[in-house]
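The two complexes that follow have subunit A in common; it is paired with subunit B in the first and with subunit C in the second.
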Partner chain A sequence: MKGDKNYILAFLLPAFLLLGTFVYYPFLKSFYLSFFRTNGFFNKKFVGLDNYERLFSDDLLGAATLHTLEIMLYVLIFQVGIALVLAVMVDSISKGKQFFRTVFFFPIVISGAAISLLFVLIYNYQFGLLNGIIAKLGFEPILWMSETGSLKAVAVPTVWHYVGFYFVLFLTAMSKIPSDFYEAAKLEGIGGIKKTTMLTIPLILSDIKVVMILAITGTLKIFDFVFILTRGGNGTELLGTYMYKKALVDQNFGYGSTIAIYIVIFGVVLSLITNRLLKREEVTY
Partner chain B sequence: MKKKSQALCALSVATVLLLSACGSNGNNNSGNTGGDASPAPSPAASTSPSPEASKAPEAKDVTLRVFSTFAGTDAAKPAFQKALDDFSAKFPNIKITNDAMSANDDSFRTKVNTDMSSGNEPDLLFYFVGADAKGFVDAGKVVPLNALLDEDAEWKAGFNPAALDAVKQPDGNIYAAPLTGYYEGLYVNKDIFKKYNLELPTDWDKFTTAIKTLNENKVIPLAAPFDQSHYLIEHFVLGAAGGAGHNSGILDAVNPDWELGLSKLNEIGKLGAFPKDAATIDLNMAAKYYSQGKAAMVIEGSWAQGSFSDEVKAASTVLPFPAIPGGKGDGKSIIGGFGSGFYLSKSTYDNADKKDAAVQLLKFLTSPDTIKAIAQANSGTPAAANVQVEGLPQLALDGFKMASEAPTINAPIDTQVAPETFTTIRQHIQGIVSGKDTAKAALEAAQKIEVANKK
Partner chain C sequence: MQQVNPANAVPVTRGRSGKRFPFGMAFVYLCLSLWALTTIYPLIWIINNSFKSSDEVMDNSFKLAIPPDKLNYTNAFESISIGRAYANSLIMSVSVVLLVLIVAGLAAYILSRFKFRGRNLINSLLVATLLIPTFATVVPVYELLIKWKVVNTYFGLILPQTAGNLSFAILVIAGYLATIPKELEEAAFIDGCNRFNMFTKIFLPVGRPVFASTSIFVFLWSYNDLFSAIIFVNKDSVRPIVALLAQISSQYGTDFGLMAAAVVLTVIPVLIVYLFIQKYIEKGMTEGAIKG
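Up next is the complex of A and B:
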């Protein structure tokens, strides 16, 4: 059995080295930097817990956290929801499954930046696509990126971009359900919506849980849509963009790192809560 | 068991190979920055590096990386590429990697700073002078050009002395060889003003009257973004505080004139001065509103002229930002100067293989001919002495006239304060305009940051 141990070590080593270099080392470095006041790339001064104190009095960070939670809500309801609905529908058809799978998955292949630029041209007040149509119909143009509506406007491409990913995950999970479950349901006369809510969804609940955690942690990383569509204006500043601005625009890597640590803790706490809320016995088949 | 250990062996060999591949890369990099340990040390030793930089280097292949912001929509991009091509044609042994990144965003600053601090310096770097360069200049990543300039009288004489003076770092040395200067101002579409019988905004009353009338007629009076409000801040402070006040910084106290200037943003905001979507657009979009004739005014730099549509360019003039009543502004001073230039990396200078080629390229890129070509393209002020740029549109001539009549030409605030201080002001602009925030609160918050950064 000693040989097995060596094997385990040998196989783990490359992954450990890569992870260590690109994930754990930067993380620890961020933690280290969070105790410094940095001014550009060349000067830093030890400030103890100053950056952490600042976290608690930073109104902009508080606002960014709330905006992130709001967009997380949209993502959980619409991104996961639409993905689930689409997956159920595609799963129940017999022809063209492959076609729809490709079509719905496609937006993920496009880069977020490209989609954002597309939506800049759709939403623009002066010569955007939407206002162009509205003007043609003879109505007053609408300010899509208003003070209250900007976050929702940003949520639309965000949701659309990743629906396909969760859709494919759901579809794969559904295809793993043995067909005898459905045959039994058929004999009992269960079909339609009832079959979906009583049979399919409970059976893929563990996958739904994974998708929700992915969606939650994914929201913490949203960056391109906000940065290109609104630049964080009109109440759309999210944690990701705020951290970027502090670290890279302001060149205050110390405080930027502190925000990064905050985001990690925030993400872990949210994932734990989700896990706890969805705790149920795992279904095995 | 034996098989197992063989497999284990194979695996560890593979891992070692993988790692050593990474390792040798790292060595190459550090070798370059270390200077002496160049990738091919023996040929370097055989050709003695000539101190005379103007002498053509012997035909040995050298690759130079030039980082600049002549990319994307920059008006001088083709002219710069042509200059590099001309150089390559003259010296076929010198290969040039044109590593350019658009200056529309702040990301090129990150790129430059990362490169400079991680031992991946470009051989020549086109970048800002002043606060932006302070970090890598103080760290000794670039060489002072004073000695090189003194050695080559012809090269030095090619520059306008005022331009060389303007790019000096606080330590009195010249690290960046200037190319073109710039000015910022209030661009006005005369056709729109004529259409609504408005006088050009040469003073504050005319400016506010124009805003009122234009807003009533559904023309955007002043195209400006709130997030990238650099030009708004600079000009409202300049209009209220004048040149000296503008340059006084914010470290010791909040200048009441700054407060006056920024509070005027609220006043003109109430008159409907800004586009409806000012909170979410960027500088590019604001300039687009102007260049497509949807906005009557925009505060921009001389470099933006190249992107205006021909029709709007012909109808435009550029004016100094009007003085704000109750302040110290003179209504004639402008933001501008020679804010950038070519830096020569220390690692390149110490590398006997590259030094001569890099110096040669530097001299070529800052020769009067190249400067003229670039100035022609970006409507900037040539940094070369005795260079007359011909065939300029009236708008550019208006700009030069404005610059020549300005009592003070000031470097923008964001080259004088810490980046975080300036963003703090920027973050408050939307609030000031809408009245949710005050100029006083914004400047006090910014001062706190400035103190934390500099004291």
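Up next is the complex of A and C:
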């Protein structure tokens, strides 16, 4: 159509103006800043790869990386695992499907901050929900937010928050499997757990892969739970909170940006590895 | 071969496994109910405790709050002005949603309905943008906002959040608009619509479902985004509700009744809305994150 070129430019412009100003330019600037030693916004000195060398000798960053990997492990095993088991179960029942869907999904809509505050109360030593139950059963109360247990205490709400999300993704994937597959399996006399492991799971493997990549990249973004529950104390510092501390609390913009770049690379590498490990032919119905 | 329970025999295509053993079914329902309990019970527990004074909470957190004590709620509105935080959250998140819909809608319309050089490049660029986390942009954005003097104003949160949601919103909306039949567009053209009218008269109304699910995703993402809020808008007059929660936890960490009330006040409105439009929320969130 005549004059299309003007429309194309005019309609794309606002989007790319915003993206350019608040995403692309800052991203490149972060990369640029990672080569500087900074003091506030105005004093900076080019230091080459010093910040990157510092990354490798920074024990706190090493610890934060390990903590992040530990949470990632819990997330992959429990979050994805529980979601898968729940989805298989809900897929197999005939009554109450919608009820469980509603109830399992709703933690997603609650903010991580509110959930963290809820868990502050649940973990409370004196009167918290957990110690309350333990006391009712006649055991001694447990210090949940201890030096050794805090990371696991942060992992619990993290896992709990998003189980319902992956559950819905799995359930949607399962509902797309044509029923002839199951009828064929029935004729062969395959049922129960065997049907799940031999038919359902292989058929939704590509969705499982997507969910695992989402779970991995999601773990790198965890911030709220640590920020409110522990402020990074007791061995719960994660990459996101450590970056926040360095860049915005200590106002060390140069090194903070270096950590941010490290997080991006870490995420891309982990996603590529997952993608590679789970590589197989896509199933199309 | 298979023993079919007459009660379950009717919906043959549904209910695929475990039909053979009623015991297996009972076990499945037991497991599902247990997980349901982990999501429902903490909420009931905290609602109950929000109607008790901190001393009562510490004394016995399971006791029913009878008679309910409104003190925590009056406190929440008077001493920590949670009402203000609500208003801030709504103003900023609704603005982000509207801006994203307009800006992303226009761009998505172009990317889905026009053929031009560089279109594939733009698409790939948008997909790559999804890989950039907020951590990797926050410092320069903060610097920019300070320079423009919009830190601790509504725009200080609205602008970066809008930009942060654009790439995903454009991709999702464009994906949907691309499925609208070309005939509709041609008919409108013959009737004398120009490109802009075509967008407002054809694509906006026909694309309503995708605009709805995108708004839900963007709204929740913005409403729940603690990281940006504590950096860009952390002052009483503009602080949104998530940032207020973080402040309560550090400042009023021993006032358990107040904490419970604050959690309830944050969660309940979202939950009520969720129960009404659950299907759309589910769709919006899952579509959003798959692409995002």
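Miscellaneous remarks
Going forward, the second predicted complex is superposed on the first by the 248 of 285 C-alpha atoms of A that agree within 3 Å, B and C clash if a C-alpha of one lies under 4 Å from a C-alpha of the other, contacts with A are read in each partner's own complex, and residues count from 1 in each chain.
Here, a residue touches a chain if its C-beta (ideal position, glycine included) is under 8 Å from a C-beta of that chain, and two chains touch if they have at least 3 such contacts.
Since we're looking at a predicted model, the values are computed, not measured.
Touch criterion met: A:Asp91 reaches subunit C, while subunit B stays clear of it. Applying the stated contact rule after C-alpha superposition, one finds that A:Gln126 touches each of subunit B and subunit C.
Contacts of A:Leu277 after superposition on the shared chain: neither subunit B nor subunit C is touched.
Of the two partners subunit B and subunit C, it is C that touches the larger number of subunit A residues. Of the two partner chains placed around the shared chain by superposition, neither subunit B nor subunit C is touched by A:Ala184. After overlaying the two complexes on the shared chain, residue contacts for A:Val210 are found with subunit C alone; subunit B is out of touch.
By the touch criterion defined above, A:Gly233 lies against subunit B but remains apart from subunit C after alignment on the C-alpha atoms of chain A.
Touch criterion met: A:Phe41 reaches subunit B and subunit C at once.
In the superposed model, A:Tyr7 lies in contact with both subunit B and subunit C.
Once the two complexes are overlaid on the shared chain, A:Val249 sits against subunit B while remaining clear of subunit C. When the two complexes are superposed on chain A, the residues of subunit A that touch both subunit B and subunit C are 3, 7, 11, 14, 41, 120, 124, 126-127, 231, 248. Chain contact summary for the complex, subunit A toward subunit C: residues 1, 3-5, 7-8, 11-12, 14-16, 18-19, 21-27, 29-30, 33, 41, 82, 85-86, 88-94, 96, 99-114, 116-118, 120-122, 124, 126-129, 132, 136, 160, 163-165, 168-169, 172, 179, 182, 186, 189, 191-193, 195-196, 210, 214, 220-221, 223-224, 227-228, 231, 240, 243-244, 247-248, 253, 256-257, 259-261, 263-264, 267-268.
Note for the complex: subunit C touches subunit A at residues 1-2, 8, 11, 13-20, 24-25, 28-29, 31-32, 35-36, 38-40, 42, 45-46, 49, 57-62, 102-104, 106-107, 109-111, 114, 116, 122, 129, 131-144, 146, 159-160, 162-164, 166-167, 170, 189, 195-196, 199, 220, 223-224, 226-227, 230-231, 242-243, 245-246, 248-250, 253, 256, 259-260, 262-263, 266-267, 270-271, 274-275, 278, 281-282, 285-286, 289-290. Put simply, subunit A touches subunit B in their complex at residues 3, 6-7, 10-11, 13-14, 17, 37, 39-43, 60, 120, 124-127, 143, 145, 147, 150, 229-234, 236, 245-246, 248-252. Subunit B contributes residues 1, 4-5, 7-8, 11-12, 15, 18-19, 106-107, 109-110, 113-114, 116-117, 134-136, 138-139, 220, 225-228, 275-277, 279-282, 285, 289, 292, 294, 418-420, 423, 427, 430, 452-454 to its touches with subunit A in the complex.
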